[in-house]
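The data blocks that follow each hold one structure.
Note that subunit A is present in both complexes that follow, paired respectively with subunit B and with subunit C.
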Partner chain A sequence: MITTEILVIGAGPAGLMAAIHAAEAGARVLLVERADRLGGQLIKQTHKFFGSKAEFAGERGMDIAEKLINWSSDVSGITIWKNAVVLGIYPDGVVTISHEGAFCTARPKKIIIATGASEKTMAFPNNDLPGIYGAGAVQTLMNVHGVLPAKRILMIGAGNIGVIVAYQLLQAGVEVAGIVEAAPQVGGYRVHAAKLQRHGVPIYTSHSIQLAHGDSCLEGVTISKLDEKWQPIAGSEQYIAVDGLCLAVGLSPLTELLWQAGCEMKFAGELGGYVPLRDANMKTTHENIYVAGDVSGVEEASAAMVEGKLAGLYVASVLGHKKDSFTKEFQTAKSQLAALRSGPASVKICTGLSKVVLEEVG
Partner chain B sequence: MPSQERFAKGPIALFECMQQIPCNPCVDACSRGAITVKEINDCPSLNEELCNGCGVCMTHCPGLSIFVVDYTYGKDVALLKIPYEFSPLPEAKDVVDALNRHGERVGSAQVIRVQTSPNKTNIIWLSVPRELAMEVRSIRLQKGGHHES
Partner chain C sequence: MRIVNHPILTFPQQDMVTFTLNGQKIEGVAGEPIAAALHAADIKVLRHSHERHRPRGLFCAIGNCSSCLMTVDGIPNIRVCIEPLRAGMVVETQEGKGKII
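And then the complex of A and B:
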């Protein structure tokens, strides 16, 4: 049985920030990551981030990952386990973990769950043909392993992930046949869409994919226009020849551990699906379980980092590790998060949060 | 949009950042304090007298939405600086296709200078026909490269 004060599950932007700030306050932290490297999705992000200086805005995601990873290894008090999958959280406080293939148990005083989110997919005929990917897989192939996913690709979804990955595909030398978006307007930031449009990439709003074509691999897709009720308009079908199709149709929080541990969950479509009820200090309805990042609602990485910092600082303080600067740092992080969410681009996020954030206590 | 009088004085930054999103690295990028973003979701506002068109903000902007134009560069041509994150980079003196905001070719531009940046948002200085300075926002390299001697 391993004993630690705080167990942080997931070493993406939220988990890394949580572990760093808890350890800097003096807590002993075990940070477990199921992948063989730290950084979560940040390591695939070749674009510069939005936000403010405090969230490393203007720097590329992969460079932010490197900074956070180096920071986490410089702070004393963090034990890092890679290839470590948390299997379950039990009522007696025991957490079971498969670490490098070996079964381990841990009994942390507090747990911060920062497991992130997984990609949604879409149902259409032949959606299992080779050449059809989620945007995360395209980024892993291209930006982690240096492998071109296709020669000519169509993107489904014009949210930020869709427009950003389409731009990365252009940079990699892939021809982007277009972006198909079911909504009547682009959901991603307009500046991201503009970067694609000035390179001639068409954006088909109010369109959706009907089916994919091909025998042993993808050869093309049929898209059609949608009416005001999001139904395909007969006769509007068009065939686009592509050997790659990339789905960027949203993310769902990876909440299995929260369900299993008995945290109270609520559906908030604006946040990607079921998310845990929690207070403003990121504490769930379970006395010892906190959350940070996309698992608590899908948002930008900048918000995930600030949530991680808040959870890390707060949990450490609950365990008696309170820096002199705690109140100031904690309040600054809260204002930072509020500022990020204060604009029209965050209206949807705020609607979702209003359903799941409990009254602040204490 | 800067006034004709301001354009007549020399290079100036143009912000094509019209949507309120949480972002402000341009403010920290400018050593002259010419850029203001009051609340982080506000669009940037430029003090046209303080801006000297140096283009440092262009390399920092995550949205690649800042351009610099200098109408005093020549009689029939203007100098246009655009952010560029593709490889290969063009070379000085190359003649390239000048593309508008929709990626359509609207003419040719000559590369004056290629300013590389450690953060890989490079800046391409282009000589473009004056009347196209507000239209051209991207380039396409011509196949095999084309130098004008």
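And then the complex of A and C:
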């Protein structure tokens, strides 16, 4: 049985920040990551981030990942386990973990769950053909491993991920046949959409995919125009020959451990699906379980980092590790989070949060 | 296909190793996920589903969705999107649930 004060599950932007800030306050932290490397999905983000200096604005996601990883290894008090999958959280507080294939048990005083999110798919005929990928998979293949997913790709979804990954595909040398978006307008950052338009990539707003074609692999797709009720207009079908289709249609929080531990969950479509109820200090309805990042509602990585910092600082303080600067740092982080959520693009996020954030406790 | 020139990223030449897919020799980068090596060799069909035998490929690439299960060194249901490639691996397109015994 391993004893530690805080167990942080997931070493993406939220988990790394939580571990760093809890350890800097003096807590002993075990940070477990199921992958063989740290950084979560930041490592494949080749674009520069928005936000403010505090969330590393102006830097590329992959460079932020490197900074956080180096920072986490410089802080004393953090034990890092890679290839470590949390299997279960039991009512007596025991957590079971498969670490490098070996079964281990841990008994942390507090747990911060920062497991992130997974990609959604879409229902259409032949949506299981090889050559149809989630947008994150395309990024992993090309930006982490240097392998092209296809020669000619159609992107579904013109939100931030759709427009950013479409541009990254162009950078990698893939032909982008277009972006298909069901809404009447582009949802993603204008700056990215404008870059694509300058490269002659057509953006099909008020369009959706009807079906995919191909025998053993994707060969093409049929898209059609949607009316104002988002129904396909008969006769508007067009065939686009592609060997790759990239779905950027959203993410859903990876909440299995929260359900298993008995945290109270609520559906908030604006946040990607079921998310845990929690207070403004990131504490769930379970006395010892806190959350940070996409698992508590899908947002940008910048917000995940600040949530991680909040959770890390707060949980450490609950365990008696309170830095002199705690109040100032904590309030600053809360203001940063509020600022990140203040733009018109965050209205949806705030609607979702209003359903799941409980009255502040203490 | 592998990316050679990229405006932001560099992919230094790495050690290549040989493995087999259904008996055919293929080269890949040691340590990269098996799925990446297969994609670089333009192989996208990784298994066939157990009921309707539909071809399946890579979908999430982070070990989450179970679309990419293959039989590796005789062990079925390996998520090749996260399984590192080693020299001499015997990789097979998985049919259905794979042979467990």
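By our rule, the second predicted complex is superposed on the first by the 362 of 362 C-alpha atoms of A that agree within 3 Å, B and C clash if a C-alpha of one lies under 4 Å from a C-alpha of the other, contacts with A are read in each partner's own complex, and residues count from 1 in each chain.
By our rule, a residue touches a chain if its C-beta (ideal position, glycine included) is under 8 Å from a C-beta of that chain, and two chains touch if they have at least 3 such contacts.
All of these numbers come straight from a predicted model, not from anything done at the bench.
Novice: In the superposed arrangement, which partner chain does A:Ser118 touch: subunit B (first), subunit C (second), both, or neither?
Specialist: Second partner only, subunit C.
Novice: Check whether A:Ala137 is in contact with subunit B, with subunit C, with both or with neither, and answer first, second, both or neither.
Specialist: second
Novice: Once chain A of both complexes is superposed, is A:Ser216 in touch with subunit B (first), subunit C (second), both, or neither?
Specialist: second
Novice: A:Gln171 contacts which: subunit B (first), subunit C (second), both, neither?
Specialist: both
Novice: Answer with first, second, both or neither: which of subunit B and subunit C does A:Val347 touch in the superposed model?
Specialist: neither
Novice: What is the contact status of A:Ile233 with respect to subunit B (first) and subunit C (second): first, second, both, or neither?
Specialist: In the superposition, A:Ile233 contacts neither subunit B nor subunit C.
Novice: By the touch definition at the top of the document, which applies to A:Ala338: first (subunit B), second (subunit C), both, or neither?
Specialist: In the superposition, A:Ala338 contacts neither subunit B nor subunit C.
Novice: Please work out whether A:Arg60 is in contact with subunit B alone, subunit C alone, both, or neither, and reply first, second, both or neither.
Specialist: Both partners, subunit B and subunit C.
Novice: Is A:Leu129 touching anything from subunit B or subunit C once the two structures are fitted on A? First, second, both or neither.
Specialist: The second partner, subunit C, only.
Novice: Which residues form the common part of the subunit A surface touched by subunit B and by subunit C?
Specialist: 60, 171.
Novice: So in the complex, the part of subunit A that touches subunit B is made up of which residues?
Specialist: So the residues of subunit A touching subunit B come out as 47-53, 57-60, 170-171, 189-192, 194-195, 197-201, 300, 302, 339-346.
Novice: Within their complex, state which residues of subunit A touch subunit C.
Specialist: Residue list for subunit A touching subunit C: 34-36, 41, 46, 60, 118-119, 121, 128-134, 136-137, 140-143, 145-149, 151, 171-173, 216-217, 254.
Novice: Using the touch rule from the top, collect the residues of subunit C that touch subunit A in their complex.
Specialist: Within the complex, subunit C touches subunit A at residues 1-3, 5-9, 11, 29, 32-33, 36, 39-40, 44-46, 49, 54-65, 67, 81-82, 84.
Novice: Could you list, by residue number, the parts of subunit B that touch subunit A in their complex?
Specialist: Listed in rising order, the residues of subunit B that touch subunit A are 16-25, 28-29, 39-41, 60-65, 85-87, 99-104, 119-121, 137-138, 140.
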